[in-house]
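Everything on this sheet refers to the single structure shown next.
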Amino acid sequence: MSNGKELLNVNQLQTHFFTENGAIPSVNGVSFQVNKGELVAIVGESGSGKSVTSLSIMGLVEEPGKIVGGEIMFEDKDLAKYTNKQMRKIRGNDIAMIFQEPLTSLNPVFTIGNQLREAILQHQNVDKATAKKMSIDMLTQVGIPRADKVYSSFPHSLSGGMRQRVMIAMALSCNPKLLIADEPTTALDVTIQAQILELMKDLVKKMDTAIILITHDLGVVAELVDRVIVMYAGQVVEQSDVFSLFKDPKHPYTKGLLDSTPKIQDLNEELISIKGTVPTPANMPDGCKFHPRCPHAMDHCISNEPKLDTLENGREVRCWLYDEEVMADEQSKNGNEQSP
Amino acid sequence: MKMTLKRSVGGFSALSLAFLVACGGNEENNNTTNVADPEDTNDNAAEETNNNAAGNEDNTEAEAEELLEDSTLVLAMGTDMVSWDIHDHGNTSTEAVHVNVFDYLFKRDSETMEVEPHLVADYENIEDDVWEFTLHDDIYFHNGDQMTAEDVKFTFDRVIEDDTLSEHSRFVQLGEIEVVDDLTVRMNTDGPQPSLLNRLAGTGASILPKEYIEENGMDHFLSEPIGSGPYEFDEWARDDRVVLTKFDDYFLGDDFTEWEEVVFRAIPETSTRVGELLTGNAHVVTDIPPNEWSRIDDNDGTRHINADSNREMLIITRQTEGVATSDPRVVEAIDLAIDNEAITEQVMQGSGTPTRTRVTPGNVGANEDLYDTFVYDQDRARELLAEAGYEDGLEITMQSPQGRYLMDSDIAEVIVGMLSEVGITVDLQFLEWSQFIEHYQNNTNEELMLLGLASSLFDAAQNLDHYTTTSPLNEGRMDYSNEEVDELFEAALVNMDPDEREQQYQRIQEILAEERPHIYLHSINMNYGVSDLVDYEPRQDELYYANEITRR
Amino acid sequence: MSQQVTPEPVPEPQGPAAPDSMKKHQKKSSFVRWMKLLLKSKTGTVGFLIVMVVFIVGIFSDQIAPFGVNEQNYANMLVPPAWQEGGSSEHFLGTDNLGRDILSRIIYGTTISLLVGIFSVVVAGILGMAAGLFAGYYGGWIDTVTMRMVDAFLSIPNILFILVILTVLNPGIMTLIFAIGVTNWVIYARLIRGEVLSVKEREYVKAARSIGTKNLTIIRRHVLPNVFSTFIVISTLSVATTIILEASLSFLGMGVQPPDVSWGYMLADGRDYLATNWWLATFPGLAITITVLGIIFLGDWLRDVLDPRSQGR
Amino acid sequence: MKRFLIQRFLQLIPVLIIMTFIVFSLVYVAGDPVALMLPEEATAEDVARVQESLGLNEPFHVQYGIFLMNAVQGDFGQSYRYNQDAMSIVLERLPATFELAAASMIFATLIAIPMGIWSATRRNTFIDLFITGSSVLGKAMPNFWLGIMFILILAVNTQLFPVSGRGTFMHVVLPAITLGTAVAAEMTRLTRSNMIEILQQDFVRTAKAKGVSNGIVTYKHSFRNALIPVVTIMALQTSTLVGGAIVTEQVFAWPGIGQLLVQAVNARDMAIVQAAVFLIAILVIVINLFADILYRLLDPRIKY
């Protein structure tokens, strides 16, 4: 599969949580690729398994969760088989991660500098003074004024936006090949959001870092990424380049997501929301996982689970609507059922 | 981490070892069966403890011997001494330490308890109420000052004049004291005092260094006391230890004692105190209850000693009119219902002697016919109760202290059980000591009150002071009254004819044995654990003269 | 955001609003639900069973005990437990130095240990609740004085305080309960006051006040349900602490006094026999340890189910 | 900081006044010690005489007033038993109790913190179960029982440690373990639950995402945060520790304030009781104050 451009290839990843009520498949056969320097978004509602996917890549799934199947090929090495010790060399160095809550993601009792240089000291063979210099440099790069002062201050004295900049600085300090950003702007003010996204975009371009952006906000996606992966209930339901997706969403779920995102041009239109909520892993419906909420659900969807089909120009979708056989069946059954 | 693990294991093992101790003991016991004493149910566990300890026997002895080589004697007591003020402590265990640092004018012989001259070289009873004492001329205090008549006068004047001192009431009768010359004093007592010499051979009669106290003040004396005794004060860490060192210029000579250092340790917890003996860190330990005897006896290198004391357990009966116990038949029934031997032999494992008198052998005026005897007759007790009109039962209250005297609460519970067998229901009230003594002092005692009484005077004058009609120790408390007793007591108090006086006292005791203002139970034996490295003959007055303990 | 395991629905503290007709039905189903919850936790189940057994023994001690509590027998003194050499099946756990049956005494002791444990917590709870409500609700100098009193009480080790109180009042069951109660009220006072203060600031309480709802009603409806679960947990664990405390007081001669008997008294009384006749102290000691263990297990489980924040801790 | 300290000190004054009032009232109600001071043979007259000489016949408020005036000057009256200034006797004992309490605290901390961390990081394993189990057991055993067992097993039977008394380092081991066990148990439980909470925090995940070692995650990032509440508990435990010392000192014949207090209470030597309670209360308060300051130092979020 490797073609020299490919950085990460997640293949049939399965991460389960083992609880008193049995194993709960939180990530259930997820596959996707990320190329070097590529900006990819994973989109989905909370509970769709997108965060667990990212944590699985990082090897940070907590007990009682466990990767039970599939592979995570990173530069042709299977991270799913790595021990924690081996993963430590990857984490923060080759793959870095930014979390949603800048407020709680920094340790309140250590200075910014202390936490920032930690990763540098861990992965690069430099002394403390150099690490400090590199840290301050990094802080400057993420646009923090008076970086040397911020270096020795505590997290609580910084604003949310500043803290997220610190997080970015921390993540990029070792020049990673892949940056996973888990809802990096959700907790921030709208005005700050744009700045942070812009900053990330600039920096990864400069450093040739690939990004996996985890978000539920399609607005953010549109601004930043090249390609979008839509997840629902632990599975990939659609995968497409960003333009095609916005122009012509295939999966009914993607459509629903797009319809529920406000756009400047239709401010006067009513927002359409997807009815219902994401099913909890414990109460997964049979058949297509989305059928209870799907406006186009057919009888076939209730008991048969669709596969991820490849469409034209590399797009993928998991929906019976694009299966010609099924559609033919359905049409003959209902006669005048309309197509999407 | 390692240490942590140990701790948790320790926690568990403390618990489980209790079982091991027991179970293991049983098995091992099969091999080393101790047939000698089948009745002794203590054996199983005791034997085991011993086995465990056996491996360290050498160690034990080595430690004890090491101490002896340094000529250090260690005594472990249940309570610490309370003060160096010889006139203001009022307790025996304090006096037991004091006697090593101070001297009395007279001293009791260790075996016979006879009063003999000590600091006094010569004395004369000039008139019934005038006494003259001459000191030895080579007595020195620890600071080098010679002891003179002035010191004697100073000492007794202090206790006579200061009525806040606890010993005050025992010494007021001494009257005026004159210094005749350097070494001679004359006491003009307040009336004839037949028991004067006894008084001069006990608590409060140690001689203090006048000059030292007047120069430095009493407070300084109390923190750095000096006396004329065989040992000098070295250190007192309260509730821990009193350390005394040998005084080289002692007037009875350098070889009076073989110990260079004597340590009195205070260890309130009985099993801990016994532990110190078993591990060889103490040579003599006091106040050993019966359950520990086997542990001490079975251990190589230690033994337990049972000795007479001048303490007695008794029940105060309230004979105030209208109270059930004012009926002599009721008190007799109570006395008859109590099986004293069962108490002394079963409960106390032989650590007591039944008695029907308060004046036990060793005291002036003792009536030996009433000692080591008791009355017990349940049927007669029931008859007497029926005669008194209580055939359907009688309900009375008994107050008892707890933990004050050897096995006091056990004795109280046993007595309640015995009385219930003849139809007397007793509401037993255990009182914490301070509450108890308050009831006692305020005369709010109920029908019965269990008490232990000691006497330091070794003279019936003190023991029998409780029974005269107007005695503050009687009036309001027992409300016992017998004219003959009153007359005999008054007469004996000033009777300078020893034989006649003795007879008077003995007659009083006969009356008391029948009329029972106090129901006498038994004299308490004192129990000691002693290392086999030393010889020790406990004294009846419970004082620990270190020089009387000797190396084997 | 991330895929968390959904916890079992946590039972809300019962609101007082349930209409009477509903209650019976609710009771049953909630009982079943509680039992299910209980069985899920091993330690909780063990704790619950221990506590139940102890309670039953405590309540029916008269019927269960083979001998009278103070029934002496001089012919049978210091008999070891039945399985030991020299033991007798009549006295399963052996006899003490006055020939009293240890098993029977432990059974009787259960009642008194529990009485002291539970009622001292009740006394402390009532006092603390009153003080906490009063201080929290009226604020001002009442609050200041109460809180300074709480601080003063907290600065003195409670065993010391109880010791001094017991010197004044002769030790006994009632005085013990009283002494422990008046010493431990501070824990509850602080808890309740804190809750009252926070509840007072809430909008709905302000609203309730503005329409003239009585203070008592506000307290009953808004304060008590909120502190109920913490209160229950603290009280449960307090019973355990009190049983230990009573033992320590007995050791110092200030615990339950004979002819009454508690585990603490037996343990303290038998301690001198540990080296020679181990069964005198070991069995009451085990009774204390096992019971306290059970109560702590139960209390921890209660904390887990009543306070969702502490799940699994 | 200065303002905070001043404020805290000012708060102490009413606390101390209330405390002395409570103790004094109790002592007053407890009645006078005169009956105990005198031998069994003493008469009512003797009692009255001594009472007057000690000023015990004054009314309550007068006695309290005098007491308070003197207390401010550090004078808590004379111990009737020792015929000495009560406070000086109590102070004389302070080092012993301090030594015992400090040793117990060190023992407890050394045990509890690693144990708590260990069991928190190995949640639901056998080790966790074992540690939580032993900590419950540690709380469930009355400490005098533990002490006597230690003496029997470790001092008398195996002679690893001295039986009793104060002196060398070995002397303090058994009493310190006896006294420290309950505290260690409590602290283990607390450390564990704090650690579990902290380990679930976002910043721990951040640290892991940086690729730092487990040790750094556990001991640097988590422990420092978990320590903050533990410090408070340690301070609160001083009161428990002193309370436990009363019992432990008795078992091991340790010449500290605890033993002094028990004897003083039994003998109604109330000058000593008052002086000791006052001193202990002050110590407890001061230690808690220190903990408060330490708390602020450990947690940079708190501003003065």
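Think of it as A, B, C and D in the order they're written, each chain with its own count starting at 1.
Throughout what follows, contacts are C-beta pairs under 8 Å (C-beta built on N, C-alpha and C of every residue); 3 or more make two chains touch, one makes a residue touch a chain.
Because the structure is a prediction, the values reported are computed rather than measured.
Peer 1: Ranking chain pairs by contacts, what comes out on top?
Peer 2: The largest set of C-beta contacts joins the chains B-D.
Peer 1: Whose C-alpha centre lies nearest the centre of all protein C-alpha atoms?
Peer 2: Per-chain C-alpha centroids ranked by distance to the global centroid put D first.
Peer 1: If you take the mean of the Cα atoms for each chain, which one ends up farthest from chain C?
Peer 2: Measuring from the centre of chain C, the most distant chain centre belongs to A.
Peer 1: Could you put a whole-Å number on the gap between the CA centroids of chain A and chain D?
Peer 2: The answer is 53 Å.
Peer 1: Quick one: chain B and chain C, Cα centre-to-centre, how many Å?
Peer 2: Here the centre of chain C sits 43 Å away from the centre of chain B.
Peer 1: What is the distance, in whole Å, between the centres of chain B and chain D, each centre taken as the mean of its C-alpha atoms?
Peer 2: 36
Peer 1: Mark out which residues of chain D touch at least two other chains, giving numbers and ranges.
Peer 2: Residues 31, 123, 137, 141, 148-149, 152, 156, 250, 266, 268 of chain D touch two or more partner chains.
Peer 1: What parts of chain B, by residue number, touch at least two of the other chains?
Peer 2: 15, 18, 21, 49, 271, 432, 434
Peer 1: Touching chain B in the complex: which residues of chain D?
Peer 2: So the residues of chain D in touch with chain B come to 31, 33, 35-47, 49-50, 53, 81-84, 89, 92-93, 96, 107, 110-111, 114-115, 118, 130-131, 134, 137-138, 141, 146, 148-153, 155-159, 162-166, 177, 181, 184, 250-253, 255, 259-260, 263, 266-268.
Peer 1: Flag every residue of chain D that touches chain C in the complex, lowest number first.
Peer 2: 11, 14-16, 18-19, 22-23, 26-27, 29-31, 123, 136-137, 139-145, 148-149, 152, 156, 192-193, 196-197, 239-240, 242-244, 246-247, 250, 261-262, 265-266, 268, 273, 277, 280-282, 284-285
Peer 1: Any idea which chain D residues touch chain A in the complex?
Peer 2: Contact set of chain D toward chain A: 123, 200-203, 205-214, 216, 220-221, 224-225, 228, 298-301.
Peer 1: Quick check: in the complex, which residue numbers of chain A touch chain D?
Peer 2: For this pair, the touching residues of chain A are 58, 60, 62-63, 84, 87-93, 96-97, 99, 101, 104-110, 115, 118-119, 122-123, 154, 156, 167, 170-171.
Peer 1: Taking the complex as given, what residues does chain C use to touch chain B?
Peer 2: Chain C residues touching chain B: 70, 72, 74, 77-80, 84-86, 97-98, 166-167, 170-171, 253-254, 257-259, 271-279, 282, 285-286, 289.
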